[in-house]
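Right after this note come the structures.
The two complexes that follow have subunit A in common; it is paired with subunit B in the first and with subunit C in the second.
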Partner chain A sequence: MSSHPATLPADARLHIEAGHSWAKLPIVAFVVGVAGIAGTFALGMGNTKQLYHSWLVALLYFLSLALGSLFFVLIQFLAKAGWSVVVRRIAENLAAPVPIFALLFVPILMGMHDLYHWTHADAVAHDELLQGKSSFLNNGFFIVRAVVYFAVWSFLATWYRRQSVAQDQTGDHAYTRRMTMASAPGVAAFALSITFAAFDWAMSLDPHWYSTMWGVWYFSGAILSAFALITVFTLRLQGAGLLRGVVNGEHYHDLGKLVFAFTVFWAYISFSQYFLIWYANIPEETSYFAHRMGNSWESVGILLMVGHFAVPFLFMMPRTIKRNPATLFLGACWVLLMHYVDIYYAVMPNLHHEGVRFAATDALAFLGVGGVYLGLALMMMRKGALVPVKDPRLPESLAFQNV
Partner chain B sequence: MATTVYTEADQLEERLDQRAPLVLGGNDFHSVTELVARPIDRPGNMWWPAFLVSLTLLGVYGVAVAYLVWEGVGIWGLNNPVDWGWAIVNFVFWVGIGHAGTLISAILFLFRQKWRTGINRAAEAMTLFAVACALSFPTIHVGRVWLLYWVFPIPNQMAAWPNFRSPLLWDVFAVSIYGTVSLLFWYTGLIPDLATMRDRAKGALARKLYGFFALGWRGSQRHWQNYESAYLILAGVSTPLVLSVHTIVSFDFAVSQIPGWHTTIFPPYFVAGAIFSGFGMVLTLLIPSRIIFGLKDLITVRHIENMAKICLLTGTMVGYAYAMEFFIAWYSGNPYESFAFFNRAFGPYSWAYWTMISCNVISPQFFWFKKLRTNPLFVFIISIFINIGMWFERFVIAVTSLATDFLPSSWDYYSPTIWDVASFIGSFGLFFTLFTLFVRFVPMVAIAEVKTVMPQADPHHHPAAASKHGATVAARGGAH
Partner chain C sequence: MVGKPSVALAEFDTAGEIYHACEHVRDAGFSRWDAHTPFPVHGLDKAMGIGRSRVPWIALVCGFTGAGLAFWLQAWVHSSAYPLVINAKPYMSWQAYIPVTFEVGVLFTALGTLIGMLALNRLPQHYNSLFKSARFERSTDDKFFISIAADDPRFQGEETLRFLQGLGASHVELIED
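== the complex of A and B ==
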């Protein structure tokens, strides 16, 4: 095993300079994003129920990537991790666009009536269960909560990136200390906000149904796909000639291990939720899976078992897969695809009880939300170095070995 | 040759450009061996009293079990709705404690937490003893203990099989596999240290016995290579096992339809609680042990602080689960579910519920403050609260939901008898007897592993040149 020097190589390219192939990417992403949004609304206005459901899937998907990245940053400080410093800035850049989701959330507010049954006053008037929940599930409080979630996430994502970038100038250890101090309360605030956001935006689509595991389920998908997304970005940046001699097989090995481990975590959470509901067989709980069985959604469920668990579990297990850029890239992209299927499977059966019905707006909303989010993330990457160059633990990360 | 002397202040200094030292004092490889072997060479005058007290408690357990076998489970406080009392509570309590050891040795190993080397041996031993205590309760609670073999799917002429759909049967497999793998893991880690004990043994019998168990270890390159691979594989295998055991235990409750038992968050919530209680017990055992056996240089305040942080994290996760249960009980609109939780907090068992909340959720919050979590006495006191709280958690779960079930006409209040108390207290006798024997005969710190995280283990280490602030990151080990 070769040993890696603990200093940044003199010829390492740490900036996306003007003229580099990645310099144009934000514009490309924004064009795709704006076109996607325009297309979604142009095509979707005829069927607003479909439009808003498509939008919600795209929003929950890309938001989970940003939130997962934010959580990645938080735990690196909480655990005082050394190995991950070379990839942390990429995660910071992927988390930093979180505030834009407050804007992308506006269509959800516009479509509340189409999305959420509990907003129908006439339905609530005849439904004792919904009346009981109305102190929680009502338009005003729903919006207030959304404002709180976005405030918490935006503050954390923006603050962490700012602190980290500021440290690039001075190398002052006080930045690291402050970020470490903030990470523990940050994780607590993050946990509560992501849980209730998942309850509000996804679980309340079927307002009669409930599961204490729901928040953990959304979190498990978010953190898994964030590991995959960070891996994909690091690999592509390196493919474009950046970060050479900075990120190496040791770091990829660790990222691959995390993708592997959290594939199992996602499966553990999803299985536990399904299994306990199936075993107890209580009608008010089984309704969730009853909608998803006996029609084409059942195939999607099986696809998740195989594609979201068995395939990445077996594929990501060998050491060589995780240390080979090509195979790791494949595995990470696959996980990102399956995470979309997982979110789709959670949301769409509420609209299409009869079975899977793809709509053009699904694809357009994906491009729209994804284009705007990734465009902003790519813009962040252009601003400043791609590595926290003066982080006190950078030497440890550069010299890091899997032993 | 001068050795750098690290102090507690160096360790708690929190430098960001290098990792804190894990072994304090001016220790070198030889002195670490001597330090760990000393309690075995000269047990001191505390050992016999501790052993005798433990043995007496074990005797109490023996009497309680003997009377139980003679008379039947009627001697316990079980009544009609509460047909699952302290036996299941004690079982889950002990199994939970049995999680810390393998978590430390497997999961912290995979996460490269080098500070685990100071505490993993004792924690793993504690795990095995806790699992032994845990297994004793399902064994005795069947009443006719001579028919215990019925829990195993053994082909028999009556064609009577255990119910494969029952999580209680899965428990048999889950706990016994976990116990077996934990034992293998512990023993694998012990082999180099047993060889050390063999080589320095003065008596012929000791040399024979240590030699027998050391399996001919000579510390050759090939031995170490096999050892390292075995250790990594066992860590990989143990990691899902740590999670699976308490997941299956949570299924014992959660697959039912009983309000307060059936909720989807149970598996990860139980696992978090198990780790919480396990670390609580590790702290309870090691804070006095490090003083009694003079191991303060190896089991340092930094180790205690890290464990306190894990307690804060897992205690708060348990608090999150309590909150989710409570919120969803209300949100579900299910009157039985809401009643179960309202009844827990304000019903006849509210004293137990609030004991649980205070001990499990509130008491670890003190660990937000560095001053408190680096004060061993304070951490010790909180660890006792954690032990109490986690026992009460299982009591609250098992008993409150049963005592007030769907039919108000069958409600009854559960009170333990003297025999319930005797078997619970007595099980501590089993636990501490095994633990005192362990510290008497087995190196309670992993000698070989601790040496790997000392500066001297670095091939580039120059004793003369090494100064506190000049040492490289790699050379100073890594306390996170």
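== the complex of A and C ==
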């Protein structure tokens, strides 16, 4: 009945082979990454406050891409999704480098004093509020929590990829059952860890301030940009001659729908956070937006409303946009760009109260962290098939059609 | 008007048969016809040559109308018709209007989608001659049907029945109004 066959086409290319144009990409990414990191520290040592803030923005940005991809994998198993099997390995590969972020987190530990006001013992001594929070916001517990977060994420990301790759050999359904069983506690552990990580690493930059929406704000950006990143990688892999006859317009249509839907989710969360603070008008809550208004950060806020919500919402709405590779690629890249602006807007005003001030380390840290992360993800893509070839739901995914 | 032919009805036994029969009916150039299946058959809309639905456009227009009306109503009431200082906020506090704007936008979209779908399908209908056929009841159970209306310009009575028979129908009948 369906116009798509339920088996992998015999001539489908599922591996990045030695001579392929993508085979050299990991090296290129690593070179860019190492050069970026070296440049960040060479240039940033004169102004360590700027250095560590630049680093934190880059870290939070690329970590959110990896964590969003991890959540994508978990949720496919939790929902026993059939449509997504052909793109799931790409998400697994994008999530698998999560452990490297534990290493990339070391500069944050080095820069704790420059980043986090609550680490200043002299400030806490004269600050009743920070004293009250000190049982949670103290150096030791902060590090212990970071270790726990990375342990949870690293275990989930590597375990899921290993199970999925092992299934490529045997086709044993027990792997799928095991991954499905693990997905529910996995999602719960993921939700708690990403929420508290967002509290620890971004919200505590302004330790007097708090928002209960903060964790879900970070999550909303992570999952939205992960959908966009998976879309971009799938499109580019197909552009390079791989996965032909495997991923088709039906899958792109669904990825596009997810990007579209989570654009609204991000806007809903971000606006809810702003709206409640604006309405209640309590000084300890309004300080966050007070720093971001009446100076050039206000333009960035408006840019986010228009560029992170209105533009992708209207652009991604028509069906033809989501089914056309060129327009879908454009929309997904735009979302990834805006997500960076969003993270930048959350972190940087803590350093530059007076307004937007770009630094060379912003770009260098972006290249450094991004190069290392994407280099590892690309290396994962070279190892093994780009599709879970023996997944029991693969035929369902290949024959998938939007009704 | 008893005795005037209203619709030609053909019964098929499997989803596969009706799928291919629909392709032939489509290629024969009929325009006023329909397929009736007990469950959604994937790709049948393509086999029938049905284009994109117009419901999304109705939903879009309704959504923007609803959101626009809701925003305008709040802005007009609070800043012009009945200005009151609430919570020390300015009269024209757009932030406060967003939740209602969003909700009314969703409401209008939902209602527009439902009413638009019903209108385009010409529903509800109190009478349809198809239900005169006892066999047609099985379209909600285990049989697949194609109906071609008599007001289709290509409808030719017995000739159309033979055409449907030729497509592999297990039973054909002409239903009178």
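Note that the second predicted complex is superposed on the first by the 401 of 403 C-alpha atoms of A that agree within 3 Å, B and C clash if a C-alpha of one lies under 4 Å from a C-alpha of the other, contacts with A are read in each partner's own complex, and residues count from 1 in each chain.
Keep this in mind: a residue touches a chain if its C-beta (ideal position, glycine included) is under 8 Å from a C-beta of that chain, and two chains touch if they have at least 3 such contacts.
These figures come from a predicted structure and were not determined experimentally.
Colleague: Subunit A superposed: clash or fit between subunit B and subunit C?
Modeller: On the superposed model, which is not a single observed complex, subunit B and subunit C clash.
Colleague: So in the superposed three-chain picture, is A:30 touching just subunit B, just subunit C, both, or none of them (first/second/both/neither)?
Modeller: Neither partner.
Colleague: In the superposed model, does subunit B or subunit C contact more residues of subunit A?
Modeller: B
Colleague: Tell me which partner A:173 touches in the superposition: subunit B (first), subunit C (second), both or neither.
Modeller: first
Colleague: Where does A:79 make contact in the superposed view: on subunit B (first), on subunit C (second), on both, or on neither?
Modeller: Once the two structures are laid over each other on A, A:79 reaches subunit B alone.
Colleague: Per the contact definition in the header, classify A:279: touching subunit B only (first), subunit C only (second), both, or neither.
Modeller: A:279: touches subunit B and subunit C.
Colleague: Contacts for A:22 in the overlay, against subunit B (first) and subunit C (second): which applies, first, second, both or neither?
Modeller: neither
Colleague: Applying the touch criterion given at the start, work out whether A:41 contacts subunit B, subunit C, both or neither, answering first, second, both or neither.
Modeller: In the superposition, A:41 touches no partner, neither subunit B nor subunit C.
Colleague: Which parts of subunit A are touched by subunit B and by subunit C alike?
Modeller: 279.
Colleague: Can you name the residues of subunit A that touch subunit C in the complex?
Modeller: My answer: residues 1-3, 271, 274-275, 278-279, 281, 317, 319, 401, 403.
Colleague: Can you check the complex and tell me which residues of subunit C touch subunit A?
Modeller: Listed in rising order, the residues are 15-16, 19, 40-43, 46, 52, 56, 60, 87-88, 95-96, 98-99.
Colleague: Which of the residues in subunit B come into contact with subunit A in the complex?
Modeller: 14, 16-17, 19, 112, 240, 243, 247, 251, 254-257, 262-268, 316, 320-321, 324-325, 328, 331-334, 368, 472-474, 478, 480
Colleague: In their complex, what parts of subunit A are in touch with subunit B?
Modeller: Subunit A residues touching subunit B: 6, 79-83, 128-129, 132-133, 136, 173, 176-177, 184, 188, 191-192, 195, 199, 208, 210-216, 264, 268-269, 272-273, 276-277, 279-280, 282, 284, 392-393, 395-396, 399.
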